[in-house]
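Here chain A shows up in two complexes: once beside chain B, once beside chain C.
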Partner chain A sequence: MPDAEVAHADAPDIPAVPEDVPLPATASATAREESSAVFWALVVGGLVFVVAGWLLPWFVEQTANGIGFSPQDVVSSAPTGIGTVLVYVIGAAMVVLLAGVAYDAYCTLTRRGVPFRYSRTRAAVALVGAVGTVVVCVLVVSREEPLFGSLSPLATGSPDNAVWMTLTGFTVLTFVYGLRDWVSAHGQVAFAGIVFLIGALFPLIFGQSQSFIVWGASAAAIYTLLALGLNVVVGFAGLLDLGYAAFFAIGAYTCGSLSSSVHGLHFPFWIVLFIGLAVAALFGAALGAPTLRLRGDYLAIVTLGFGEIIPDAANNNLFGATGGPEGITGIDHPSIFGFNFGIDARPYFWALLVIIAVVILLLRNIQRSRLGRAWAAIREDEIAAAATGVNPVSTKLLAFAIGASVSGFAGAFFGAELGSVTPDSFQFAVSVTVLSTVVLGGIGNNTGVVAGGILVSFIIFWMLAHLQEWLGTFGNKFGLPTLGTIDYSRWVYIVYGAILVGIMLLRPAGLLPSRARKVELQSGTESESLAAVQGRA
Partner chain B sequence: MAQSTETVPAGAAMRSAGLPVARLRELSALASRAFPIVVVAALILMVALVALRSGGTTAAAEVRNGLTIGAVYALIAVGYTMVYGIIELINFAHGDVFTLSAFYALIFSQHLGFDISGLGASGAGGFFAALIILLVLTMAAAGLTGMLIERVAYRRLRNSPRLAPLITAVGVSFIIEGFLFATQGATNVRTGKANWLLGEAVKVGGVSISWRDIFVFFSALVFMFLLQSFVRFTRLGKAMRATAQDRDAALLSGVNINRTISATFFIGSALAAAGGIIYSVKDDLIVWNLGFRFGIIAFTCAVLGGIGNLVGAGLGAFLIGLIQVFGGQLIGSAWDNAIIFAMLIIVLVFRPVGLLGLRVPDRA
Partner chain C sequence: MTVSEPLTSGGPKTATGPPILELVGVTKRFGGLLAVNDVTFSVQKGAIISMIGPNGAGKTTAFNMVTGIYTPSGGDVRFNGQSIVGLPPHRIAKLGITRTFQNIRLFAYVTAVDNVMVGEHCKMRQNVFQSMFTTPGARREERAVENRAMDMLRGLGLERYADTYARNLPYGLQRRLEIARALASGPELLLLDEPAAGLNPQEKVELMGVIAQLREKGLTIFLIEHDMRVVMGISDRIVVLDHGEVIAEGLPVEVRNNARVIEAYLGTGAAGQSEPAPPAST
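Moving on, here comes the complex of A and B:
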């Protein structure tokens, strides 16, 4: 990894600031830390799935939103159908693995024995459990009649969210724990594989509850894509951009203008996507060219201003082309090989998954290229980089344009997906959300950014949106009906703010910090103060 | 071309593009030096245009409006500039501290049994007595809030990646806005205002200037003057300047860094509170998310004046106030934000250090 080299080369001149955080001594130590972070992220993710799967039946009954039987039913009513054997196999695997966890914990706590000793056994058991789980999932999805005999009247016929979520969580846990060594060595690959597999299956399983998929498509995937683009600017090149939503808006409005009846233009969607990309990149370069020689924070404030101007211009119907506050409606839905995407959210979601995968691969290649190394050099010491032949302005300009182009691409997709664009969708809050996604996930680390995208959009668009419903149901279940009477929509801001502050305080470098960034950021801690301060004032 | 930056070593730039680059750099330096004059000239032009179009009285009235709104911006902007000067953090929560303290003032005045409008009946003496009590209480409360925010959300992250405190600042901003939203409601709240304040004090060239306008403008000036004297002449002010210049060196010479930074937050927030009260007197309508826009504009003022520079922040605030009202007159008030931020971008392109700023070393 070139980044590791950069980090390593930079390590010697770390100043001895008293409050400094202990630094990992070598690049390999940081690599280990990073993979361990991925490991724990996967473990927590798996646990969330298991717990959510167990809790889900309580809620789906209330919301009548894809009703199914619950894992509790499976256990309590002695399965009789074809699933029985599989359930026992999975159960046995679970018991063995739990025993393994207990043994490891015992070893670690008492400092006796060797933890993680039976890694091969564990891996084999985990694979058995995972295969069993996958088969159960396939059967649940494909069979019309209940898998486990007749359970409750609620359970008839429908593929089941709760079982699927529990089993998925279990599979993730067994996979990660059983193949702990492999996951530790290939954290990013494991993470990418699991996320994309679950992501691809997501719409199939939750076929009945559209809101899940709409959430996944229009929020999580778009925000992840935006965060990946912003990561180029903020993470790779170290330029703070607070107006990223402007490029998103530019892409969306380009799409709206070129493929709707507003101007009578109906360009094919897949061309519009790239026009949106190009226009946003042009704007990025146009904004960046005069301002990129500014210091970091000034750049931040310029981009912030730009991010305010663009929605304002759209809102004020600039040149009569943006439709004012109502925006542009009736944008053509995309189609591919004669298949029209229509208003079903699922094709968009899958398309976005493919796009995200491609973007990640492209960005990873760029990051490892000459340009990526130039970004790292500029980020760490601009003057030294310039002295060694890196052109700071064109390098930064490229970062800006590439970041903007991803945003424009996402915007064009967003416009076609919703069928309409309004200025409201591109306010400062969007820029802040994307930035917090990048920072929470781990600046400069694509894996972390994807994790941050999933987490932040889950919190904002799913958890906070359903807080009222969930706590109301919870209160009714446990005899605390007052829980449901509080108006939570008033407290959403506080909860989100507290989550942001809490995560940042606990993990200042993000959930999955980038190893190169980590060393670099902590070495840059001595205050580079501003000379022109109050003394002259 | 854009290669004429300070960051490229002179030799490299010369080699790559030859003479035009050198000439461009001279031009850029000239533009930078001439910039304050250009800004003032542009402003005068705008005033003249408005005067031609809508008459001199309108123009004079807009000058009054611009200066009073600028006074509020000034009191917020100094908080930004102080905090940025000392820990290089864009304190996104600062605009919300401004809103919060306006609500503090409202609540205090209700609990103390007077409001600004009620005291208006008893004339100027009663008004100022109440105002001083209210100012002391609110500024103390807001200052303590600012210190608390620094202690909880920023201090632990002082040696963290630079973006981490920025995100907590955004988080704190959400928390304050959410708190106000949840407790004070989503609609405008009236603060009430003193009737005598609205009366005409003087008439200059056909424009009536009320006591309120005079009060708003001069109280901002008084606070700026007090702050300036404090920073220049007291021991703590000296410590603040030292910390801003070089934190490690200040630490070595015995400055208590934590206390100094806390004090900076206290003072900045207290001035935002003064701004909040003055705004309540001026416009009498406050709402939970008022601080977001005011915060961004105030930060723009700080940048325009030269960030880290207190007088610059004040000057920038009055300029932005004037530009806002005259731009609104000329183009339409829907473009307020766009005008202000376009202004900001122009400033940063031609004179990145701001009007009164000094050249500072470039840090990528």
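Moving on, here comes the complex of A and C:
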């Protein structure tokens, strides 16, 4: 630090360790590795978009208002128009990118060869693909159909999900490959930028698929927000909380009660939102108070109890305020500047996106400040923290309160979006899902938690729900109609479990682990407290 | 007072200031076990006081009662004349008593500089909202605290390791970092629990240098140590504990020749020897 004139009164003066002593791994070195993990995550994400966009029509039934046209449609029809050539170019670019990524992965895994040797070439290929897709989009929009020869009659109007997805994937790949060095150095910024950009465009990219936008607003965004809140308690402060859904419920019920016809109260949503936040935070502190002396397994059991009490109390119509099993219905939809959100999922999604961004920024600020360090200290060694001057009581209560307040936000939006709140929505499974999101994404790292939130909510609320439909359509197109006759609903949790196990085997510290956690796994031994988080203390 | 041997010389060698820490009849019971029994002594301001005694004598228990980790079963602990019995550890740290631990208890997966910055926690003024919105005041405070922490690391020769996780540091440097963390809150009284344990001779010499420098800067130091070269080399006064009781207190030379001390360390037969060797370090 340059400001040496602020000499500390008590600092003694002894010789520094000689320069030739090798340094152990530093936090910034770990940060570089973390950024490179983010680079890979973005590459994989981009490829998933490219390939999924290409393959979408093979899995999803073509309907007039659903999936209509994609480059793959043109390829599978007779190559007649000039536009078709363009589509072949896009396909070739895709294959080259896939091959490149496969080669890089091979180099990384076997530690042979030089990955990214042709990163400029690959960026150029990605650029060609992206430009090609844009041109195809423009051609479809302007109905220059002769360019494609005979096209499906459905391919009219705006280009659809499949094309936009491919385009998004190519754009991400161009950015990530072209600016590889920058992305590797600024992983979190790049990740946040791309995720929030795609997030902002998400309702447009998937403009034809209303249900997918509903998924984004009511599953992905809500679960990401919940996971961010739980990460404060579990990741930052190291307190295992198995009853997080309780705070979600408290936020949802508070906001629902204050802006519905049930009690005749119709406060504006944006005020109710903050009331919900405050009430959830209060309950967070109230739960925290009796658990202050508990750690690990014991804390988990008490929070589990709290998580069971709240939905049960709501179910039993406590004080006649919660409406029993039917819950609270007719919750007002929010409005802003005279624009009512109504039942359209898009405004909710955008509003949640803004809230998630703000929450991430505020949590980052806290994590880097006095309180964040105190959380880390309590997590690592409570007695040493107390003897160093950290008040364990207020530090833990603040972790519970801040974690709970984030879920208050989520609850408010959840109720307003669905128009009703029922006790079923806050069962134990919700707490477990949020916890597994945090663990799978990377305990203590908000970037990882966001990645986990998107992935887990996609798997549970979209992929598993559509497995039947996807495989049925796929089977029909390729002459395997039996694929569609299997009852996949029996398999969904097996598939989900297998995916969870697979990810945890491949990346034991989570998708994008926090630095501390990464060091911990590398050093082979574990601190008590993090072992406690895993329930093994 | 359970001091058996009357002191021959008149008081401590250097520091003759008022007592900064007084233990008056302090007792700690764990069920039927009397870990510390009616211990009375005081630590003079500006002195280096060592507490020695065989394993299980109750030294660390006494430390834990001073720092509030245990509450005494009886008696009183006074810091600058004020009773601190019953105060939680963080309040005692804020009053000006910080410590290191026998088995190093750093925040393992936190960088060295952040470990030291935690030490300033109780002096910082920003509240959670100021941190959340990073107000200019909070930012200034963070920067000042970080600068001071870096100065502290520099002073202890740990500057290069600022960005390293505490658990990745070599053992000797972890001991130093723990001292840096304890110093960060600007204490008046520093408790060191076996600071030389596990250090090599070179590191022990450096440690003694650090302790002497800290005393020159006005800090009072109260340490538990087994290494007699360290203890005899730096202490102004020595308190000897055995089976939870103070069996001797005085200048190093007095304690070294005290029959009860020799007996406690070497057994009954050794007490009769005229020129005893200093108790072996463990």
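In the analysis below, the second predicted complex is superposed on the first by the 406 of 537 C-alpha atoms of A that agree within 3 Å, B and C clash if a C-alpha of one lies under 4 Å from a C-alpha of the other, contacts with A are read in each partner's own complex, and residues count from 1 in each chain.
As a working rule, a contact is a pair of C-beta atoms (placed from the backbone, for glycine too) under 8 Å apart; a residue touches a chain by one contact, two chains touch by 3 or more.
Bear in mind the structure is a predicted one, so any value in this text is a computation, not a measurement.
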- Using the superposition on chain A described above, determine whether A:Ile366 touches chain B (first), chain C (second), both, or neither. second
- Message: Which partner chains sit in contact with A:Thr291 here, chain B, chain C, both or neither? Use first/second/both/neither.
- Response: first
- Task: In the overlay, answer first, second, both or neither for which of chain B and chain C A:Ala376 touches.
- Result: second
- Looking at the overlay, does A:Leu98 come into contact with chain B only (first), chain C only (second), both, or neither? neither
- Would you sort A:Ala387 into first (chain B), second (chain C), both or neither based on which partner it touches? both
- Message: Between chain B and chain C, which one contacts more residues of chain A in the superposed model?
- Response: B
- Kindly list the residues of chain A that each of chain B and chain C touches, one partner per complex. 17, 19, 380-381, 383, 386-387, 391-393, 517, 527, 530
- Note on the structure: chain B contacts chain A in the complex at 2-3, 5-9, 12, 82, 84-88, 90, 152-153, 156-168, 170-179, 181-182, 228, 231-232, 237, 240-241, 243-248, 292, 296, 299-300, 303, 306-312, 332, 334-335, 337-338, 340-342, 344-345, 348-349, 352-353, 356-364
- Within the complex, which stretch of chain C touches chain A? 67-69, 88-90, 93-94, 98-99, 101, 105-111, 114, 117-119, 121-124, 126, 128, 131-134, 138, 142-144, 146-148, 150-152, 154-161, 163-165, 167-169, 173, 181-187, 206, 209-210, 213-214, 217, 219
- Note on the structure: Listed in rising order, chain A residues that touch chain C in their complex are 1, 3-4, 6-17, 19, 23-28, 362, 365-366, 368-374, 376-377, 380-381, 383-393, 398, 402, 516-517, 519-520, 523, 527, 530
- Message: Which stretch or stretches of chain A touch chain B in the complex?
- Response: 17, 19-21, 234, 238, 240, 289-298, 300-302, 304-306, 308-309, 312-313, 315-316, 378-383, 386-387, 391-393, 397, 428, 432, 435-436, 439-440, 443, 490-501, 504-505, 508-509, 517, 521-522, 524-537
